[in-house]
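Each of the next two complexes has chain A plus one more chain, namely chain B in the first and chain C in the second.
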Partner chain A sequence: MATRRSIFFNPLSKNNPITVQVLGICSALAVTVKLEPAIVMALSATVVVASCSVVISFLRNTIPLRVRFIVQLVVAAAMVTVVDMILKAFAYDVSKQLSVFVGLIVTNCILMGRLEAFALCNKPLDSFLDGLGNGLGYGIMLVIVAFFRELLGSGTLLGFQVIPQALYDAGYMNNGLMILPPMALITVACIMWIHRLKDKTLQEK
Partner chain B sequence: MDRNSNSYTLIYVAAMVIIVAFILAFTAEALKERKDRNIEIDKKRQILSSLNIDATSLNAEELYDQYIRKAVAINYRGEEIEGIDALSIATETEIKNPEESRLLPLYIAEKDGKTYYVLSLSGSGFFGPVWGYISLKSDKNTVYGAYFSHKGETPGLGAEITKNDFKNRFCGKEIFKNGLFKSIAIVKSGISVKDRDFVNGVTGATVTSQGVAQMLLNSLEAYMGFLTEK
Partner chain C sequence: MGDILSLFFESIFIENMIFAYFLGICAFFAVSKNMETSIGLGIAICFVLVITLPINYLLHKYVLKSGALIWLGEEFAAVDLSFLSLLIFIAVIASITQIVEMIIEKYAPALYTSLGIFLPLLACNCAIFAGSLFIQERNFPNIGHAFVYALGSGIGWLVAIVGLAAVRQKLTYSNIPAPLRGFGITFITVGLMAIGFMCFLGL
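Take a look at the complex of A and B:
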């Protein structure tokens, strides 16, 4: 039986949804051009995964097995719609930037994966920790990727200029390729590489 | 109770749907006011953007009040219709109405002592609606600035119409030539049009570019009564 500690901390590194489970890559491409939407997306996804896990976990003994996917989808879709409405009401600019991607949290493999694999057969508190851990593990990766893409692609962080003008005057240029989707994949791949270098147990035979 | 019986499954699903529907309806209703306000602020930002004023969501209302002198509804003859605020008009539905019953929003702005007219545009791109605002100088002919947006055009291609680089191409263009309404054509770079002003479209987004050109033609034509009155 896994301890609560490992349920929460494993997905942050050893069993990270993006670098180890390789789930949720699609949205990692889309929302990581700038740091701000990446952070909001990370928080939204974490809230959705954690809260859906709790709801599904509470219902786990009542859900008819034949329609369990439909029940999971309805719970996830409802939660995502609520988050989307809250963003529209309180962070309109960000919700405009994220546009369809918030709605697409429903189709994020991490969400359905955790509900099916963990929440359906574990207690609410464990499920909550698992959802929280996986959401944050996903979020950390988004933030790391977005950090490099915004820094090298636009020379800014959170919209503030960080690369000094003097460097541009000396001939430095922003790398336009960083803003395009392929560089998100390459950045993710570099992170996976470093991750496996540091943790030999992750290396595939 | 048997969790796998048909009746249990049916009742379970039905109850779940009703509960979820209730929760969603309640949240939507509770947040409606804030959301509508955000949408209005965003609309004001778009209008200001067509006047080449960059507003943030924090100062948009203040700047709007500062620059926009009048926001009125006009009909196809260019006559003002009293009691309607231009902001409340949905151009995308009005443009489909027959000419006589159409309501058109008109914003009259004053910037650095000069008068500008902001007209609302609505049309369709490749995947969905495109819309925008265009500001004309007091001669009702020369374009002062423009703003375009879209619902679902491809990022990097059709979505480029929102960029300043694209909207700035319209500045200084004229919509009338020799007293005749011609609108502004959008063409491939390297191609020129003789009888009217033109701008270069977005490379790789021909359908979106043509959609914008069509939108300018249709939407500006709707304002013909106002544009031709002295």
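Take a look at the complex of A and C:
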């Protein structure tokens, strides 16, 4: 059972998809201006990665090697379409904010990477745990980045004012730079820096 | 005419795929270590964008959009196939990259050996897929706009990756704090480049 546990927990920190494997950053950077879309995005990505992993893992012995890319993409696109429609039905505002980025989960490198590297050669249950772990690892990073960007950039969290008015009266200003796209990269870089400072084995020479 | 020209420059500089939307950035980080391969990948992306985006545009306009099937007859006017768009776009992209790969292999072996490995990988590059989705979202009036947009985005991507590759080659000689080495410093570099590109906003 120890191995199953490590399949699930490794991607959360030691082998985090964003800070260590450096996959799936495209969407991670674009949706993290506010906390709410980031959480929705994290959940949708987790659902898609976990369910696609299971499907591909069941199909793994029947997929011819040469066309596996197309099969994986079609399975992913089908799952994402379902998630996209659910979001449009139940969380229309957020799905408007996320615009094309829900659709982009199809080409998210985490998804393709996990399907290629894990689901194609492992049993369904293990693949499910792996997909779930990677989705959550990705989600945690998204939420951390979005937390700092929303707090420092707009002074709110989930739309509620967090920084008291008294501070603004005393001359505090929101950091407008945090809302702009480039700061997402720099925030992720700072998280990587701290992460690698704690875990020396991850450092590159 | 001026309309098309401004769309072209807008897609290169202001709405640069990498610096404004962070699309196709996984391959961008993985490949930009070396100047030659990054030019190769940039050209490959341009190529596939220019071919797939107009095709997806036509599919969107004549098959997928709600009421788009009206050319088949009156009774098709109410058909809305837009829920199929993700599936169809990705299928088109995957098959086009395969075809392009085979054509290049047959007729331009020299180009094939320089791009070869990247071509199949382009099927799952976000930049190309996102290009298709943006085209769907923006509703361009005709195929010329879609073509220009594809070309502009491709060139923008090429400019970005060549710029980063140049910076990274210099970075190998500098003394960076150990935890920041590798991806950390690259992220910060791209962030600074993106801030630089924002000055084109007033163009």
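Here is the rule we use: the second predicted complex is superposed on the first by the 203 of 205 C-alpha atoms of A that agree within 3 Å, B and C clash if a C-alpha of one lies under 4 Å from a C-alpha of the other, contacts with A are read in each partner's own complex, and residues count from 1 in each chain.
Here is the rule we use: contacts are C-beta pairs under 8 Å (C-beta built on N, C-alpha and C of every residue); 3 or more make two chains touch, one makes a residue touch a chain.
The model shown is predicted, which means the values in this text are computed figures rather than measured ones.
When the two complexes are overlaid on their common chain A, residue A:81 makes contact with chain B and with chain C alike.
Shared-chain residue A:65: touches chain B; no touch with chain C. Counting residues of chain A touched by each partner, chain B versus chain C, the larger count belongs to C. After overlaying the two complexes on the shared chain, residue contacts for A:45 are found with neither chain B nor chain C. Contact with neither chain B nor chain C is seen for A:129 once the two complexes are overlaid on the shared chain. In the superposition on chain A, no contact is made by A:120 with either chain B or chain C. In the superposition on chain A, A:89 makes contact with chain B only, while chain C stays out of contact range.
Shared-chain residue A:184: touches chain C; no touch with chain B. Chain A uses residues 70, 74, 78, 81, 85, 100, 180 to touch chain B in one structure and chain C in the other.
Taken in their complex, chain A has these residues touching chain C: 22-27, 29-30, 69-70, 73-74, 76-78, 80-81, 84-85, 99-100, 103-104, 106-109, 112, 180-186, 188-189, 192-194, 196-197, 203-205. Against chain B, the residues of chain A that register as touching in their complex are 62-67, 70-71, 74-75, 78, 81-82, 85-86, 88-90, 92-93, 96, 100, 180. Of all residues in chain B, those touching chain A in their complex are 3-4, 8-9, 12-13, 16-17, 20, 23-24, 27-28, 31, 34-35, 38-39, 41-42, 57, 152, 156. By the touch criterion given at the top, residues 19-26, 29-30, 83-84, 86-87, 90-91, 94-95, 120, 123-126, 128-130, 133-134, 137, 177-185, 187-188, 190-192, 194-195, 198 of chain C touch chain A in their complex.
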